[in-house]
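The structure follows.
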Amino acid sequence: MTLLNLHNVAASYGSSKALFNVNLTVAEGEVMALMGRNGMGKSTTVKAICRMIPASGQLTFDSQDITRLASHQVARLGVGLVPEGRRCFADLSVTENLNAAARRGPWDFSRVTTLFPRLGEREAQRADTLSGGEQQMLAIGRALMTNPRLLVLDEATEGLAPIIRQEIWAAIAQLKSETGMAIIVIDKSMAELAQVCDQATILERGATVWTGAMAELTPDISQRLIGV
Amino acid sequence: EGIKVGMITTLSGGGAGLGIDVRDGFMLAIAQSGRNDIEVVIEDDQRKPDIAVQLADKLIQSEKVDVMTGIIWSNLAMAVIPSSVAQGKFYLSPNAGPSVLAGKGCHQNYFNVAWQNDNLHEAAGAYAKGAGYTNSFIMAPNYPAGHDALTGYKRMYEGELAGEIFTKLGQTDYASEIAQIRASGADSVFFFLPGGMGISFLKQYADSGIELPVVGPAFSFDQGILQAVGDAALGVVNTSQWNKDIDNPTNAAFVETFQAEYDRLPSLYASQGFDTANLLISALETASPDDADAFRAALEAADFDSTRGDFAFGSNHHPVQDIYAREVIKEGDVYTNKIIGVALEDHSDAYAADCSF
Amino acid sequence: MIRERHLNALVLLLLFAVPLWAFFNDAPFTITLATRAVIFALAAVGLNIALGLGGLVSFGHAVFFGIGGYSMGILAHHAQTYTPLMEAPFLIEGTKSMPVIWLVAMVTSAFAALLIGLLSLRTAGVYFIMITLAFGQMFYFFSISWAAYGGEDGLSVYVRNGFPGVNTLVPINFFVICFVILCLVVLLNTLIAKSPFGLALSAARQVPQRVQTVGLDPNRLKLVAFVISGVITGLAGALFADLNRFVSPTMFSWQMSGEIMIFIILGGVARLCGPIIGAVTFVMLEHFLGGLSEYWHIYLGVLLLIIVLFARGGLVGLITGREVAHD
Amino acid sequence: MSTLLIIEQVLNGLQFGVMLFLMAAGLTLIFGVMGLINLAHGSLYMIGAFAAAAVAGLTGSFVLALIAAMAAAAVAGVLVEMLIIRRLYATDHLDQVLATFALILIFSEGTRWLFGSFPLFLNIPDYFSGPVTLPGGIQYPLYRLVLICVGLLVAGALGLFITRTRVGIQIRAGKNDREMIAALGVDISKLYTLIFALGAALAGLAGALVGAIQSVQVGMGEPVLILAFVVIVIGGIGSIKGALIGALLVGLTDTLGGIFLPELFKLFMAPSAAQSSGSALASMAIYILMGVVLIWRPTGLFGARI
Amino acid sequence: MTDPILATHDLQKSFGALKATDGVSIDLLPGEIHAVIGPNGAGKSTLIAQICGGLTPDAGRIDLLGQNVTHTNTRKRAKAGIGRTFQISALAMEDTVLQNVLLGALGASGSPWRFFRPILSDTTLRDKATEALTRVGLQDYAATLTSELSHGQRRQLEVAVALTLKPKAFVMDEPMAGLGAEGSKLLTGFLDALRSEAPILLVEHDMDAVFALADRISVLVYGKIIETGTVDQIRSSQAVREAYLGDGA
């Protein structure tokens, strides 16, 4: 069943257009890689989904039109965002960050701290004094605490130690297999993406230029569209 | 052809009540005179000196008024009057009377129809002396008019001082001053705290349980603010050159028509505005401002019926008048004042000697 | 939509043409009003150097306005009473000469700005706003109780000060003096904005840590901007005092600081002519609304609200549209 | 000067401080938490006082007057937030300054238009009026003791609200990153309206409580506004604890400065001149305090370190 | 042996009870790329902040070109030759790309006290700036507002600004962060060439880049260097695997 669908989506920052024609479909339980070179509109697409910038075209989530909803309404429908650059709440402690927008469901404080023990160790520390990696974990934990149906990870492994990165990929795989959560992943590590993702969509200059099963993404296509 | 009067007064913001009363009193007299050749241009100074200066420029330069009036506050008066009279205009002050303008800085075209700033305080001092107070606690805000007030009181009072305090201008909490009064062993309290400051002080003073007699100038007991002070003011003695019960026909008619016209009791300031207009009208009967010398002589004669009864100008164009002691009473629902005696008779001011035109 | 550069030229032209028209049509008060607007604009252009370029939201610029005012007031007061300002250790006399007064106003403002800036720049953001306000209030309360120079009553100067070769008593002459100064300062502002200093200052406003890592001291850049800004506002204060022939503590009041800031916001922050348009608009609103009703402040308030809500980037933003990249 | 008098003056300082806190509490919420410079906060204080005076005049009940004060201020606050302020969160502080300055003009003159130019009457209710005798024989007005208690109570309740409740956490999160908290599913604009209403109601309450011992008049809000800003900046913006401590510091400095500075000057000056210079310095005292605090700790006593 | 360009000796820095830097001695030799890797929260950024002057160490010493700079401020260290890039981009977002680079050139020139002549008419500065932009491949974006750059482009700009300083030593905190695979590859090639200009102290989590570039690698774990060595030594170290690399690399 289709969970999220973007059809002919366009968006702009003020007068400069960033998205022209994005088409993207995520089915329930599916993990989708959103790929493209730097500046091609991946993060902008995420913002459009989360209604953080005005967009035109058609966006549906769970067969509901979300094109005109407010940001918090989309989140409540079940979109959990781990934004580019983490954006933890600087003045809040780790616990407060996690609890701020928590919603009922299988993911709670103890489950998140089991996934990321380090967050448990630093539960009273202010977010702005956490190390970069700790902040990244916090951002993921925070999104999980809202118990989303679709988790959006925008460069969620950026700046993490390889060992933690592995943990996060493992966690994504675990989420996929155990909870059936749908996930959109933006990441630069092709190898890992290839392992966990079912589908892939590639953007170029704000438009979808390729979409298909991960397995069909040949080195030749990726060389041309992503550069590796 | 008619004459043009420029009135700069405070009509908006915190101190607007005073300006509105002066204006209403003034306009009432103009209306009653039946003269339609007097045009009054009214401007709002917002209680800002630089705005007042600018308005004066406007009235003189583009309205080309003959006579100016209206300013409430001494600091605005100091900003406007010297340069206006220097440009040959007549200025009739309905309220402010800073000491400089009564003494060294006096001017032949400047007439004060209300009082010299010290007058009411002097009267308070005289009353205190007469009432047998020997150990007063005195208090005023720390600015020139406040200093003048304490000086004025001390000039007539002659007793000991239990304490002398300068408060902050605009202060609203007087707990610490009240504690000092309680501890000082004073037998009476004199204060000059115009506007909201006086209301706050009186309410807090009444609530403190101190029962020492209080004396002050009329400014904190004027009709406009008495209602806001309420019971706390009852029985307090204050000094004023005017009260609504001064027994003369002009005053009785004034009080009645003012009430009928504006639906409120006239205040001290309204009476001053009214008298100022009547002085002007009386002078216009005999001369025109175009003939400055004749007009000045007509003003000096002060040949009009004042709400205060006898009224005359001293050598420095400031009033020579009786100043009364009044007591705050309640008439039905309304707080008002009643005259209980004369504090100073035919009083002029301390600066006249310094004045030579 | 017109280009901002054209708008700036138009504004200055109009600002000059209107009083000129008034001069030939014998409307001296219009000239006075225009002079007032020009002086306020000058004060605001001064603040805009700190605020617009340097991001220093000073809520205490009335300090410099007042210092300028009192420089004029005190010097002229001593000159007109023939009393020396100071006898020991050396004799200082008052003066009625504008250039001298301006110099004194600018130097004293510079000192004050240096001192206030040094202390205030330890803080940032809202704390900076408030600490500058605190300095403003200190000066205000001090001037109120400074009996030697009139305290709250202020100081009157009976005759406008002189400028060599110009009869300053003629309103249009005084206007021209103020206008020329304004133009010079606007020119200075343009140059600064494009200069190396301006670039560094702009970066210091946005990313001080970056400025440090390229080897520059962001606080020193800001301090210099603050001093330049204070000097200009101080000069405006001296002119304002001369326009009114009067100074009083209200020149130091927080409302004054607020008004100077409001001129800028109204016109458009960091826009070259924003402060000028803001000051002119405000003076005109005050003048024309003032006669409408006793409650004219309500109209003023509503108009200002409409401007904030619907004109992003102030009036200049409204007229010229979106801000374009600097060239 | 006797010890007793000094104790009484300290009490006065505390009481003045608590009074300032009532005003500062609402301001620090709106200013600190929502990041909004609300110059019109003083107007909300004034609205509270006027509403209280009007209702007390009509009904004679002080309790009703207090309720009316909070309600009127809250309603005004909500209206202002929904119609105007809401559009300004995204813009910088300066637009807020101009907009709320405009609001001051509208509120002040609107109030004058409604209630006239003269101060209104609002008095302490009988059951709180008059002095009580404290241990040691100090005669102290009961109402002022009540004020101290109310202020401390509000301080405690607010502190708990902001640090312990979920709504409190969301509000602080919104302060850091409004867009992000919304993207996580919190309706931040509703939340902000609520906070604004709460802050306004507190200002209204302060206006009514303080109005009973001061004068209820147009323009009463602005001087307090400045003091309240001083308070929250000394305490560190956004910190309720800071606002309380800042308020007490300012209250004590102001009260004790007004007494002791002139005394100090009398040691080496003529009494009258000492009075005058002493009180001149005293009127600057709190600003000097603020300057010193900020130079020592650039983000106030309890503000976030940068 | 050649003298190190940059060296720390037994640096100590604690946050409360946490020893973020616990006796770190590390050096940077001419012409080399010395990578510092370690788990998140190990203290890498804290170490960099101390080297660049953002934090003052509790104890220990920092030498730059043989001079003790432990107690000089950021500005002086920048002048003395440290070129830094930030982990989270610190750029003037309202200014254009060119203006950001010009700032670097201006800083290097050391004299911002010029008020009257437009900076753009200063061709020396302008050439320097354009050259730096060209080297990172942003020459076409000179007039773009920095806020309109994508994340990856901002990282490139960070490096460009450091280039204009012509530093004696580069200190880079995760320059690859946020770069796409292709971008990383390009930057890797670029840094490889850069080392001949000045040595680089590189903090990076992108192991492909680190292994491709580093002459030496130090592994920082909870404030302590547990190992320093060549790529192969580090790769094969059991301790490093456990603490950091995991079994993927």
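Order of writing sets the labels: A, B, C, D and E. Residues in every chain begin at 1.
Operating definition for what follows: contacts are C-beta pairs under 8 Å (C-beta built on N, C-alpha and C of every residue); 3 or more make two chains touch, one makes a residue touch a chain.
Note that the structure is a prediction, hence the values are computed from the model and not measured.
Colleague: Counting one step per pair of touching chains, how few steps separate chain D from chain E?
Modeller: Contact-graph shortest path, chain D to chain E, evaluates to 2.
Colleague: C-D versus B-C: which has more C-beta pairs touching?
Modeller: C-D
Colleague: Taking each chain's centre as its mean C-alpha position, how far apart are chain C and chain E in Å?
Modeller: 44
Colleague: Mind checking the centre-to-centre distance between chain A and chain B? Centres are C-alpha means, answer in whole Å.
Modeller: 74
Colleague: Can you check how far apart chain A and chain C are, centre to centre, with Cα atoms defining each centre and the answer in Å?
Modeller: It comes to 51 Å between the two C-alpha centres.
Colleague: For chain D, what residues touch not just one other chain but two or more?
Modeller: As it turns out, chain D has residues touching two or more other chains at 108-109, 112, 276, 279-280, 283.
Colleague: Specify, in ascending order, the residues of chain C that touch 2 or more different other chains.
Modeller: Residues 141, 144-145, 147, 295-297 of chain C each touch two or more of the other chains.
Colleague: What positions in chain E touch 2 or more of the other chains?
Modeller: Answer for chain E, listing residues that touch two or more other chains: there are none.
Colleague: Touching pairs of chains, all of them, please.
Modeller: Result for touching pairs of chains: A-D, A-E, B-C, B-D, C-D, C-E.
Colleague: Spell out the part of chain C that touches chain E in their complex, as residue ranges.
Modeller: Those in contact with chain E are residues 188, 191-192, 194-200, 202-203, 206-207, 209-217, 221, 224, 325-326.
Colleague: Which residues of chain D touch chain A in their complex?
Modeller: Listed in rising order, the residues of chain D that touch chain A are 166, 169-170, 172-173, 175-177, 179-188, 304.
Colleague: Residue numbers of chain A touching chain E in their complex, please.
Modeller: 13, 16, 36-40, 43, 84-85, 118, 129-134, 136-137, 155, 158-166, 188-190, 226-228
Colleague: Enumerate the contact residues on chain D facing chain C in the complex.
Modeller: Residues 31, 37, 84, 87-88, 91-95, 97-99, 101-106, 108-110, 112-113, 226, 229-230, 233, 237, 276-277, 279-280, 283-284, 287-288, 290-291, 294-295, 298-300, 303, 306.
Colleague: Where on chain E is chain C touching in the complex?
Modeller: Within the complex, chain E touches chain C at residues 52-54, 73-76, 78-79, 82-84, 86, 90-96, 99-100, 102-104, 106-108, 110-120, 122, 125, 143-145, 161, 164-165.
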